[in-house]
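Common to both upcoming complexes is chain A, partnered first by chain B, then by chain C.
And then the complex of A and B:
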């Protein structure tokens, strides 16, 4: 199957997300679609798979122009896309998710058989009666792939499929993709900003930058060459950081946490001043629960939490913030900020010292912080109108200047490389002044680069890597899949 | 078996049938992701319209159809306001509650205490001879009671056993996924909101054509719409549990009126009247406290598979949200 894109344009307001993109994609190959966040890769793939219409331009499949509305129509001509957050229905069982969308004549029995047959072919382990809500991201991806293949898809698009899955699941996925392209002649499009994955898997790459197609290349290519293509310049890899580590500030004394999804049993740890602790693990393995237990958003079922020797175990979130903790949530607009309020109103919200709002003071402080944190936005803009990177900057601007411990859920979630580096520059600066930092991230690179110590979680169990400089992304990938015994050997 | 007890249970089944029908209608609507908050108003309005149509035409069937149409029309306003005008479902529903109730009193005014046609009482051959079940469920009921039985099973079967049922649930759980599979999300929301609304209207007809025949001022069924809404939550959006909730509430109400009649009990009347509502709040708290979730986890895996649907108490994940394709 050969796909040709001709002069694709797509605008979102002032942003030209796809600017005159033309390309030919030959069948039977794995093609990497490269570019940093916001380069327009996902938009282009959504247009190709029918999730969004292009403003103008044409899509040709085997030389014939197609004009489809909706993903189902794209699947009918053989193009299917696996979204970064797989589009299943969490309340459905695996088999229900598989069945929903198949031809009306298919019975539940046939669905089961087909699901089992395709799963077996690729070594996927999917129990038909498990609700999708209990699957890991990796398993939900497998389910979507099986579903799309059963629908007769000949071109498979995958959007950042390796974020948030374990190394074992990645191996299974890559084997499956290779089998699909080499043995079955399918076209696989891999959207990714992870160069290691692209180098390991792809036959060729196309590169997007700021909405334009800026290059294509047959593999093999080196990482440096790909970076040059992606950014138009070479970027020095971020140095591993190290700083002065002081005395213990936050002490966890055999803390036990029980939340809806996971139980973490008696975890003890001393977080020291100026230390960065990275928490790795698949979604919901215990790392989020630990962070939220530290700041008092969920109660501990046992054990003690102390800050500078003071027992905080029964203190409220508010009291803990006063005592010197700072917290930022992964859901920026859902939890961290208040959608609908302006930057100044956020600033006014932080001041609880008086009953009336001191607007001039809030405005002045906002102006000052906008400048200091280099926020692209005005004090009277509502927060949700800012880009993700600027929202994150404002979130940082609202946090206290020099807390004892900062607890950050995915501090660089969805940020482009510049914004992400800016955030870390700021955090490392705070840390140089003695603030301890606890953070988590699905990006194992980020954890290896910035942590002094790493705690890996799997289904509530944990494994501490005392010296993070000995950790590699690959080893962490195996650990988050639960291979603790191997690591101990 | 005690004759008197059978009679009480038989009355219970009759008197709770409108609650069953209305709560099932709302369950269907909410499963598709739309909240029809107007229940209390639309039941009343449908009861009035149904009664007036029955009096005018002399036919209870015309009355029933008019009532269903009324319920569907109110629901149509909600779904149009939501999808086309992008208004808040809850706000519109609340305003419609008040509007429909007042409208009912207005048009019902000249029909107060007018005698109109009533639904006949029917017993089902063979079924009525089953011990215990026969006299309670299949003897001397109006036809809408039997319709409510059928509806319970039909709703369950449609939701959990058919392909369109998968689409119905998906639209209320995660419309993006439904869209990805070629489902026309907003069209389904139209359809199921109208179907749910028609059932709410049917519940109104069950009141004014049989259970509380005629029209009174204030309307006899006032408050039952809110109870139906609560029963949907109690029922965890599952038809079988919804029925259980409706019978439970009717039972509580029967107990409180029995206490009221008994001369030896010295409890203030107001308190007795409030009893079923208080108990309902209590059960709602119990249901939503996570006790069921814990019970579910304690069951063996094989039992979890089939109990999961009936015991879960989470609302449809996309309930009350709007879906736009791009």
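And then the complex of A and C:
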């Protein structure tokens, strides 16, 4: 199957997200789609997979122009997209989710057979009767791939598929993608920030910058070459950082957390001033529960939380913020920012000190922070009109200047290399003034690069790596899959 | 593009009103009457003399209190169906004061109003507590408390507060003249005090929502309570305070009904005005200054339509038919406008609440969207 895009244009207001993009995608190849945040990758992939229409331009499949409205129509012509966060119904079982979009006549028995057959082919392990809520992101991806294949998809688009899955799951996924392209002649489009993955998997890459197609390249290529293509300049690899580490500020004293999905038993730890603690683990392994317990969003089932010797265990979230904690959640528009409010209104919301709002002052402060944090947006823009990366920057801009401890869920979620580094620069500046940082990330590279200590979680169990400089991405990849015993040896 | 957009906005504002007039006109024609005559009769009914105008104003005042209270709860994202009950409790508390306390009018009226506010706030905070502490949706809590308030009123009328000649469930005996709100003049029977109070509350609510921390808290809580909490907004207290303030304002509306419109406590003293307020506030998308204007239009139609029977032998429920169509079609147009104007293509141009900026980050052109 050959896909050709001709002169695709897409505008969002004053932003030209896709500017005259034309390309040919041959079958039987894995093609990496690269570009920094806001380059237009997601927009282009959404157009190709029917999630949104182009303003103008044509899509040709095997030389014939197609005009589809909606993902279902795209699947009917053979193009399917695997979203970064797979779109399944959590309460439904694997086979029930699988049945979505299949011919109405298909029985449950047939569905189970087909599910088993395709899963076996790729070495996926999917129990048909498990609710999808209990699957890991890796397994949910597998389910979605199987579903799309059963629907007859011949072109598979994957958006950041290696975020949040373990090393083992990544190996299985890559093997499957290679089998699909080499043996079955399918086209695979891989949108990824992770250049290692692109280098390991892709046959060629296309690069977008500011809405335009700026280059394509046959693989193999080095990381430096790809970075050059993406940013138009080379970016030096990030040095491991370390700063002055002071006395303990946040003490966790045999804390036990029972959350809906996971139980973390009796965790003790002293977080010291100026220390960065990275939490690794698959989604829902206990790292999020620990962070939320620290800030009081979930209650601990046992143990104590102290900040500078003061017992916070029974204090509310707001009291803990006043005491010197700061928190930002991973879901920006779900938890953290308020869609419908402007940047200035967010800024005004942070100032608790008086009953009347000083709008000129809030506007001025917003303007200052917009400049300082390099936010692409205006003070009077509503937050949801900014891109994800810029929303993240605004979230950072809202955090207090010098908290004792910052607890950050995925601080660089969805950011490209450049923006992510920039966020870390800000965090490290605060760290240099004695702020301790606890963060988690599905990106193991980020954890290894910035942490002083690492805690790896697996199904509520945890393993502490006291000196993060001894950790490698590869070793962490195996640890998050639960191989703690191996690590101990 | 901007011109088109403005045209579209105006069209979506005007079209539903014209359309509902048209539909009503067709209905009138269907029963063999002249729509123009009907319209004239309504307008005449509303404005034929100062007494008629006073009738409109007297309907508008309690409606405005209900609307302004509701603007607050709607801003906080709360569906305060219980506003009707809050008005009734305001009426009950004011009635108690009117029946029991013996003081000269200038002293008694403030006491009655404060008690009415307390009664409405009490009924409001019950809905709020049910909501934030026990997880009972405010719609269900509100409906239940409306029914309860109504039962309490009827119990009082037919029980402890019944007239000496025996309970008829019609009303309590008239309150003493000192306890009633005085009218401006016999030609224009409107309570100046209530009118002034309504205007003060309109402005207060407007500025509270615009310029205070509390108003911003309400807005943030209404749009996303989860994020608001993480940004440090005390969301529980904010929601409770919205119910309290709404209840207090609605309570004044209830007091007005018993201390001016009637001179006694009657069954259902709120008379459905709270529900009408819900429709008005929904229609104007929560705007504290536009709600009273639209409220005035409704008051005109409803007060004016009493003339239909006299002049044209038509039932005055025709006015409610018209009102129903206006609400329905305006809400549909609002939905349509929301869809058209907030589609991703146009999102950077949604209504802006602050003046245009002096500087625009040029980089924004490149890539604020992916």
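Convention: the second predicted complex is superposed on the first by the 421 of 489 C-alpha atoms of A that agree within 3 Å, B and C clash if a C-alpha of one lies under 4 Å from a C-alpha of the other, contacts with A are read in each partner's own complex, and residues count from 1 in each chain.
Here, a contact is a pair of C-beta atoms (placed from the backbone, for glycine too) under 8 Å apart; a residue touches a chain by one contact, two chains touch by 3 or more.
Predicted model only: the values in this text are computed from it and were never measured.
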| item | value |
| --- | --- |
| Chain B versus chain C as contact partner of A:52, first or second or both or neither | both |
| Most chain A residues touched (candidates chain B, chain C) | C |
| Which superposed partner A:335 touches (first chain B, second chain C, both, neither) | second |
| Chain B versus chain C as contact partner of A:41, first or second or both or neither | second |
| Touched partner set for A:96, first chain B, second chain C, both or neither | first |
| Which superposed partner A:71 touches (first chain B, second chain C, both, neither) | first |
| First (chain B), second (chain C), both or neither touched by A:385 | second |
| Residues of chain A at both interfaces, chain B in one complex, chain C in the other | 52 |
| Touching residues on chain A, where the partner in the complex is chain C | 11-15, 17, 37-43, 52, 55, 210-211, 317-318, 321, 327-329, 333-342, 344-346, 348-352, 354-357, 359, 363, 367, 370, 375-382, 384-388, 390, 398 |
| Touching residues (chain side chain B, partner chain A) in the complex | 163, 166-167, 169-170, 173-174, 176-182, 305, 308, 312, 314, 316-317, 325-326 |
| Sites on chain C touched by chain A in the complex | 211-214, 216-217, 219-220, 223-224, 226-234, 344-350, 352-357, 359-361, 363-370 |
| Residues of chain A defined as touching chain B within the complex | 51-53, 70-73, 75, 83, 87-93, 96, 99-101, 104, 129, 131 |
